[in-house]
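Dropping the structures in below, format is structure tokens.
Here subunit A shows up in two complexes: once beside subunit B, once beside subunit C.
Presenting the complex of A and B:
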């Protein structure tokens, strides 16, 4: 009985705090994406031809986001029955976009015009008891093209 | 070639659905199917457990374990009363009941594999009338009569095994705990059904012996003052709540119809004195355990 109360409390806390953090994060992501839209991040390896007056430099951004108790529980059940792991989809979506934003911020600080050869890497950094993935790291890196005047 | 960098629409990579909906569907689905599987397992296993001959059950080394702690021989009064109760229940041929007495403060009594019944001093001390004691013995004997101990042991093993296998392969300890709890609650429901069956038999037995079942109602009062219902939820218990057991007994009494009570017999003073002495003995020589 006491176990059940603790379990429900943890679930409710995970849900409440997790939802709050997520909606705030998404709001901030949307706002900064609009702001940084002027710097396109392009996956192509080949820089634009015909304009050689660019300096290039490596830029990167990384982020680690933790899953909450509620999401982990849903994911655990999903493991049994299969299907779309929607509780982790938002987690990875946020992490990817945040990493790109951090990379672009660095590019803006260098007054870059483009980021070329964008790459993303993902790692689960915590495998807790029972191998449940606790948090995820996403690294975004690319080559910033800085016009030289 | 033109290049544009528009704002991407939301909701492609992530669903808009409230996660609580997914939570409700997943939880009820998983809990429901585990409940079904366990109910089916218990049903199948019990059908087999029922066929295990009582002689096999008797060969299990249970009595040795009980005897180790039980130094006192059974007093004549207890033995005679037990015999009376056993006769009233009409056990099938090869079944044998062995009643044990344990000198301990625990307020409890139980029936276990091999037809062994254990009565604790702590419980016996709480009783005033003989029919209360008869109710306890009858309840435990009818557990044996319906082969509850061997059935509980069998499905306990099987359900435990299945749950730990499924739980371990889910790879998430919160989920495996949820499965474990579901299993436990399912088995508790089953256990409560067994208790109810034992109560019904015991009430019948009391009516056969004393013409009434005052002892049953009185016993539940004693149990209630000892471990009250307050703060407990029947759903999470192996036994029905005392008030429900009492109400159930009352319904059965009304169904069968009983004679007017002609004054209930007290537990003999000699036996109560003997219990007192036992208590003192236990205090003077504390067991080194």
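Presenting the complex of A and C:
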């Protein structure tokens, strides 16, 4: 009985806090994305050939985000029937966008114009019970091109 | 030292390739941080301690790579890649590699 109460409390806390944290995080991501739109991050490997007056420097951003208890439970249920795991989809989406934003912030501090050759690296670093994903690390890196005038 | 993950640098010419340079760092988690992480696993959200830890070790891997590049006399490292792998439970290896070159 006590176990059941603990389980339900954890589930409720995960649902409440997790939902709140996620919606707040998404709001902040959207806000900052609008703000950093002026620095495009381009996945192309070839830098612009026409204008060679650029300095280049490596920039990177990384984040570790954890999934909440409720979402992990839902994902466990999803494992039985198969299909889309939207709880992990939003986790990875948030982590990637956050990492890109941090990289762009670093680029803006260097007054860069573009970030070229954007690469994303994802690693699951904390495994929960039964090898379920606990938290993921995403690192975004690229070359900032800084106009030298 | 110019560090970039592009293969060609705009406006610069590569005069000599010096081969691959690499650096790695293996770090273990910290019990205090682990407790915080397991709490965060209930509530969800960013694990700031881990973000910092991984950033530090990635920086170390990066610095070791640059040391190697300096030792072979390069003045730039191009086409850098980062990679992460978990080698043991609770430990992660962060690895950085690139091509050491001399540019004019």
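To be clear about the criterion, the second predicted complex is superposed on the first by the 148 of 149 C-alpha atoms of A that agree within 3 Å, B and C clash if a C-alpha of one lies under 4 Å from a C-alpha of the other, contacts with A are read in each partner's own complex, and residues count from 1 in each chain.
Everything that follows uses one rule, which is that contacts are C-beta pairs under 8 Å (C-beta built on N, C-alpha and C of every residue); 3 or more make two chains touch, one makes a residue touch a chain.
Keep in mind that what you see is a predicted model, and the values were worked out from it rather than measured.
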item: Which of subunit B and subunit C A:40 touches, first, second, both or neither; value: first
item: First, second, both or neither for A:90, with subunit B first and subunit C second; value: first
item: Which of subunit B and subunit C A:107 touches, first, second, both or neither; value: neither
item: Subunit B versus subunit C as contact partner of A:78, first or second or both or neither; value: first
item: Which of subunit B and subunit C A:14 touches, first, second, both or neither; value: second
item: When both partners are placed on the shared chain, which of subunit B and subunit C touches more of subunit A; value: C
item: Which superposed partner A:64 touches (first subunit B, second subunit C, both, neither); value: second
item: Footprint overlap on subunit A, comparing subunit B with subunit C; value: 69, 71-72
item: Sites on subunit A touched by subunit B in the complex; value: 1, 3-4, 7, 15, 19, 30, 33-34, 37, 40, 69-81, 84, 86-87, 89-90, 93, 129-132
item: Complex contact set, residues of subunit C against subunit A; value: 2-11, 37, 40-47, 50-51, 54-55, 58, 80-86, 92
item: Touching residues (chain side subunit A, partner subunit C) in the complex; value: 10, 13-14, 17-18, 21-22, 25, 45-49, 51-54, 56-58, 60, 62-69, 71-72, 98, 116-117, 119, 121, 123, 125-126, 128, 134-135, 137, 139, 141-143, 145
item: Residue ranges of subunit B touching subunit A (in the complex, touch as defined); value: 3, 5, 7, 10, 13-15, 17, 19-20, 22-23, 26-27, 29-30, 170-177, 181, 232-233, 236
